[in-house]
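One structure is given below, encoded as structure tokens.
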Amino acid sequence: MQKPTWKSTLKGYLYLLPALLILIVFSIYPIIKSFLMSFYTDYDFFNDTVNAYGFENFTKLFQDPNFITALKNTGIFVIGVVPLSIIISLAIAVLLNSKIKLSGFFRTIYFLPFVTSVVAVAIVWSWIFHSDYGLLNYALGLFGIDPINWLTNPTYAMPALIILSIWKGLGFNIIIFLAGLQNIGNQYYLAAKVDGASAWYRFKHITLPLLSPTMFFVSIISIINAFKVFDEIFALFNGRPGPANSALTVVYYVYQKFYEEWEFGLASAAAFVLFIIIFLFTIIQLIVGKKFVHYN
Amino acid sequence: MKKVIAVLSLFLVLFLAACNNSSGANANGDSDANGPVEIEFWHAMSGPHEEAIKKFADDFNSAHEDITIKPVNQGSYDDLQQKIMAAAKAGNLPDMAQATTNVIPEYIDNKFITSLNDFIEDPEIGLSEDELNDYIEVFRDSSTWDDTYYSLPFSKSTRVLYYNQTLLEENGLEVPKTWDELQEVAKTVTKDGVVGMGFENSYEAEFQGILKQMGGTYMDEETGEPQFASKEGQEAMTFIKDMIDDGIARTAGEDEYMSNPFGRGDVAMYIGSSAGIPHVDGAMEDGIEWSTAPIPTLDGQAATTFAGNDVVIFNQSEEAEQKAAWEFMKYLTSPEVTSEWSMLSGYLPIRQSALDTEEYQTFLEENPAYKAGTEQFDAGFFIARVPGGDAVRNIVLEEMDYILQGMKSVEEGLTEAQDRAKAELQ
Amino acid sequence: MDIRIDQLSMVFDKTTAVREMTTTIQDGELVSLLGPSGCGKSTTLMLLSGLYKPTSGTIYFGDKDVTKLDAQKRGIGMVFQNYALYPHLSVLKNIMFPLKMQKVPKKEAEIRAKEMADLVQIGHLLDRKPGQLSGGQQQRVAIARALVKKPNVLLLDEPLSNLDARLRLEMREEIRRIQQEIGITAIFVTHDQEEALSISDRVMLMKDGIIQQESAPQNMYKKPENEFVASFLGNPPINLMTITKSKVADSYRLEDMDQTINLPALPPTELQTVRLGIRAEDLYISEDNPIFHGKIIHIETIGRDTLIRMQVGGITVRALVDPNQQLQIGDIHGLGVHPESIHYFHREHGKRLPLQKRGGMRHAKAHVEEHA
Amino acid sequence: MRKEALSKGTIYVLLSLGAILMLLPFVWMISTSLKAPNEVMAMPPVWIPSEWQFENYSSASEAAPFGTYFFNSIIVTVLTTIGELLTTILAAYAFSRINFHGKGVVFAVLLGTMMVPGEMLLIPNFVTVSNLGWIDSYEGLVIPWIASIFSIFLLRQYFFSVPQELSYAAKVDGCSDFKFLWYVMVPLAKPALITIALLKIIGSWNAFLWPLIVTNSQELRTLPVGLSAFTTEAGIKYELLMAASTMVILPMLLLFFVMQKYVISGVARSGLKG
């Protein structure tokens, strides 16, 4: 290719202009702005003027019991969703990969929730979770279990949210796992079979190690996504963060501070904390991911 | 394929260009020089209430050729408040809106609503002394800040006790008049999947009412200092919590509004807004007789909070639009409309003359459910209106939730709520 | 249209791909640009097409200076090594594409495209996609597409290198046929000498961005202007050796050997050392009048010829000999050559040196010394 | 051959059980949406309504302007998708085919921003959109979303696989850069473009938080926002709520059934590339 000239440079930026304009205004500038806003301690939103800067938002944030609750809940949510979701989706992916007919059909079904509106399915689930007339409590009743106040008891609100989230996200993980499984060459299995390895042995000593980069990737993505949970909560608990803040997550906290209480500085500070957490996981992914590359 | 894309992209450009113009018009009600002034009116009324508002707007529009009122439902009161804040910033506020009295101080502080004094005092389009005094005093007071009118009362409600008459009769019970009686009744009817008593999810109004009946103070009228963590406050809260813990009372929970379980017959009684009557009517299953009664008393002491909304005019609108909005405001609060509004919605009439009309009195006789609300004018009270009042309400609801879920003791929760409220109000 | 190139240079980051090239291509001529990879032949073609812009120099199409003109405005047709057919378009659409860009009415474009398809004999494949065609068929489509807009110049960038041996032969005749039928000026880039020599009116042999020689194919083979040209052309490659004047007048010896050799034609006398080149096919077994003797170390039969390798002193010499001769490895024979088949090149700059006619036919006998 | 750990039959049973659990909420939603009020709360649950109440759908549409929401969702989805395709095509072309100063830096910066969670951009973007006066307008709903770094990255990779010679050929054939992009690159990149479009359509149709905060009026609400507001408006009538949910979910389900190959390959690719 020829060296860049001023003419080709002009042309290049001309082609880039529409995308660049949007990305600068709505992706790059806001990153900087968000960082700055977290230091706004006295901000007049209506006139977009800042009267004072400082670190108070961060001290305030970590003194706010609600933010601590939000961090805690988010952590519980991540721990509740990620391992379970990965185990279930891996199991299903392995079953789907076992050369059966209808595998495509099943894959389609498992993937369905992924393409649907979170809000809509959360509303459907809130109906399933209904304590008196919900399908779930009815089913539990068949096993002699007393009705559970899924959505109004703080103990069960988080499990309800976790069930919904796993159901919703299963398809995505399965697809990624399937892609990973299909990348494993058949020769390993043939060799193992010749050596007389049992199915479980093959799973443990071939599938799992060779799938580990995919597992790692899915874990990180799941963790990051779990940290961002919001829509599900809003819809499941009808615009509240669950009973007694039991489903108050960091993003929900940001939303509350920002849109319900107009505390832009505090909300930005909370968003910034979220960014740091997610960023750490991204970095882990990049570093460990590089190490994994020679696996394949 | 490429032609389709080309046409679509052209469409995109044109469409956005077109929206640019129309969205401005849409939000501010800018009007052509010769067309009618379009007034956008944001409210939080739904169901039968929204129907009523649409009707008033239509009636008004056909009577005023030069004005078109466009009512817009914004969801819940919280939604409405959020949307107004967002719109104020974006400069596309509507011309007028419903607003709860505890958010109006914030609007005044940020200077985006219009003082109504000029309109009221205007000899041509204003209100006469008599007319102004016809607005019921307690409502009038709640619309003035430092002797300046920033709003007019519109949808004012009080709390009433809804009861399932069929169920009470089956059990040979009378409608309770005191809290003791209510507890007894609730205990008796709580069986076969029916719960005796119900509270709305936001039952801090009941807490305030019982607190007042116990002689306590929620918020100091003068200083606006929250005082609800007092001994009386704790007793009031314990009273509610005990009923729920005993299983003879419940909250609406995932049903959102008590009208739903009450309508199904799952709850025998509940306390809710008088404005819930048409909703209950709609939710009621066939074969259940029901009505309303005043809030039970404690040691002969009656007390219930007034709640509800005023209407305000925003100053981002042009003068002609503000004037037109004022016309509609006058119309909405006129004796005829307020009495009709009351009959359609369960809200209280806000004009003395409306209360006194024969038509309204006949209506009350025929529809006793609507009566309880109007019987409580004397017992009604407003809580102090302070900037940040809305945030305080949310704090109280949050802490009450903790208490109810047993995550905090009554004392802890209320003290915490009071401390947080004080911090919020500083 | 004739093409004139004047002082054309192209410098990439660090390398100079084309160096001050000046040449002219006549109207209707088919010229091959030949050379090893990296010699600048493809770059020259890209410069002619306008896909690259030169660092300096000028290109004229006829009288018009087109140096700064973009490719789409030069009125050229081009055929690429990988055919570069549009995979998403049918054969017909592919051929019509340049006409569509010229906004030729669709009906007319279709008629012209079909004519062109018939010319290249793919009229029956019009509805297929390129992916469904064989390499040769794709090649024909590419040619049709290049020619359909009636270009002034046809540029072909290694058009045959992706075809198998038989198709190559067929297609190169085909290209020649079409080119002559239309009478278009064509420039053909290839690294295959046989291709270049067989197809073109004229060959330009390039190395390091410089034209080494431009001439008719036979002439280039027969009279290479420098050692590189001599060594590049011909299969098996030409035998090259360094010879030095010996003490005896008019006699030379192979470098580092004391053995004098018996040359039927001599290089210019003022030079002490020169390079001698003799093609394998010009050598024959001759015991009477050999230039030197050697020991056969390898015999191999290629089709109707026999190729032998002989050890002559410290070097190996290849010769194509009469297959009827009985030869065995280890035999020692003399090799002869006709004087007109001898090439001399300057030792430093490799330029061809004129032959010096010998007075009389005095052939010195060469003495073979086994251990030089 | 060795005995497998699980027989084919067991695999089918396990997968079918899972599939039933996955489908159950959808079935229950549709079933409820067609029930008469008295059957909605019936215990034990009624799976097939004794009389199919299709009028629940029209009742839901009367209770809230779902027609308007639907229209808005379509407008916003179509506009963001077209917009993103246009900006993506142009940008990916620049990154893959044009040599310009600063290309590497610009690309690296853009890739870097992909690490930032969208939630962090919410507040400043809200302020920006307010300052632009785009609150409660189609601009506010559409414009911030018509460029995606991920899509540019995806398409750029695809463009790289188109041989350079093709662009030479096109130039010789008389194409300008833009025509080459339009007539050759875009048709060739169709699978990638369809994938990008589908992921965008799904994302756009289901988007919630942003439309929630930038719209004020009912006229501009999209389906998910309208749906979430629906509960507060009508009290809870589950048959209507489920009818409304069905209206939100069904278009994407249908789209997915038709185009699932592209959606799944797109997701798999997005996953594997990270």
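So that you can tell them apart, the chains are marked A, B, C and D in the order they are listed, and the count of residues begins at 1 in each.
The criterion applied here is as follows: a contact is a pair of C-beta atoms (placed from the backbone, for glycine too) under 8 Å apart; a residue touches a chain by one contact, two chains touch by 3 or more.
Source: prediction; values computed, not measured.
Asks: What chain is most central when centres are computed from CA atoms?
Replies: Of all chains shown, the one whose C-alpha centre lies nearest the global C-alpha mean is D.
Asks: Give the chain pair, either C-D or A-D, that is connected by more C-beta contacts.
Replies: Ranking A-D and C-D by C-beta contacts puts A-D first.
Asks: What chain is the most remote from subunit A, judged by the mean position of CA atoms in each chain?
Replies: C
Asks: Between subunit B and subunit C, what's the gap in Å when you average each chain's C-alpha atoms?
Replies: Taking the average C-alpha coordinate of subunit B and of subunit C, the gap between them is 94 Å.
Asks: Mind checking the centre-to-centre distance between subunit A and subunit D? Centres are C-alpha means, answer in whole Å.
Replies: The answer is 16 Å.
Asks: Hey, how far is the Cα centre of subunit A from the one of subunit C, in Å?
Replies: A distance of 64 Å separates the two centres.
Asks: What's the distance between the Cα centroids of subunit C and subunit D, rounded to whole Å?
Replies: From the centre of subunit C to the centre of subunit D is 59 Å.
Asks: Enumerate the residues of subunit D that touch no fewer than two other chains.
Replies: As it turns out, subunit D has residues touching two or more other chains at 41, 86, 126-127, 131, 143, 183, 187, 213, 231-232.
Asks: List, in ascending order, every residue of subunit B touching at least 2 other chains.
Replies: In subunit B, the residues touching two or more other chains are 76, 86, 89, 256.
Asks: Would you pick out the residues of subunit A that each touch at least 2 other chains?
Replies: Residues 2-3, 45, 132, 238-239, 259 of subunit A each touch two or more of the other chains.
Asks: Per the contact definition, I'd like the list of subunit C residues that touch subunit D in the complex.
Replies: Per the touch definition, subunit C meets subunit D at residues 46, 49-51, 70-72, 76-78, 80-82, 84-89, 97-98, 101-102, 145-146, 149, 155.
Asks: Under the touch definition given earlier, write down the residues of subunit D that touch subunit B in their complex.
Replies: 38, 41, 63, 75, 78-79, 82-83, 85-86, 126-127, 129-131, 133-139, 142-143, 182-183, 186-187, 213-214, 216-219, 229, 231-236
Asks: Where on subunit A does subunit D make contact in their complex?
Replies: On the subunit A side, the touching residues are 1-4, 8-13, 15-20, 22-23, 25-31, 33-34, 37, 45, 48, 92, 95-96, 98, 100, 102, 106-121, 123-125, 127-128, 132-133, 135, 138, 167, 170, 172, 175-176, 178-180, 193, 196, 198-200, 203, 217-218, 221, 224, 227-228, 230-231, 234-235, 238-239, 251, 254-255, 258-259, 264, 267-268, 271-272, 274-275, 278-279, 282, 285, 289.
Asks: Touching subunit B in the complex: which residues of subunit A?
Replies: Subunit A reaches subunit B through residues 45-46, 126, 129-132, 149, 151-154, 238-239, 243-245, 259-262.
Asks: Show which residues of subunit B lie in contact with subunit A when the two form their complex.
Replies: 76, 78, 82, 85-86, 88-89, 110, 112, 193, 251, 253-254, 256, 266, 391, 394, 398, 401-402, 404-405, 407
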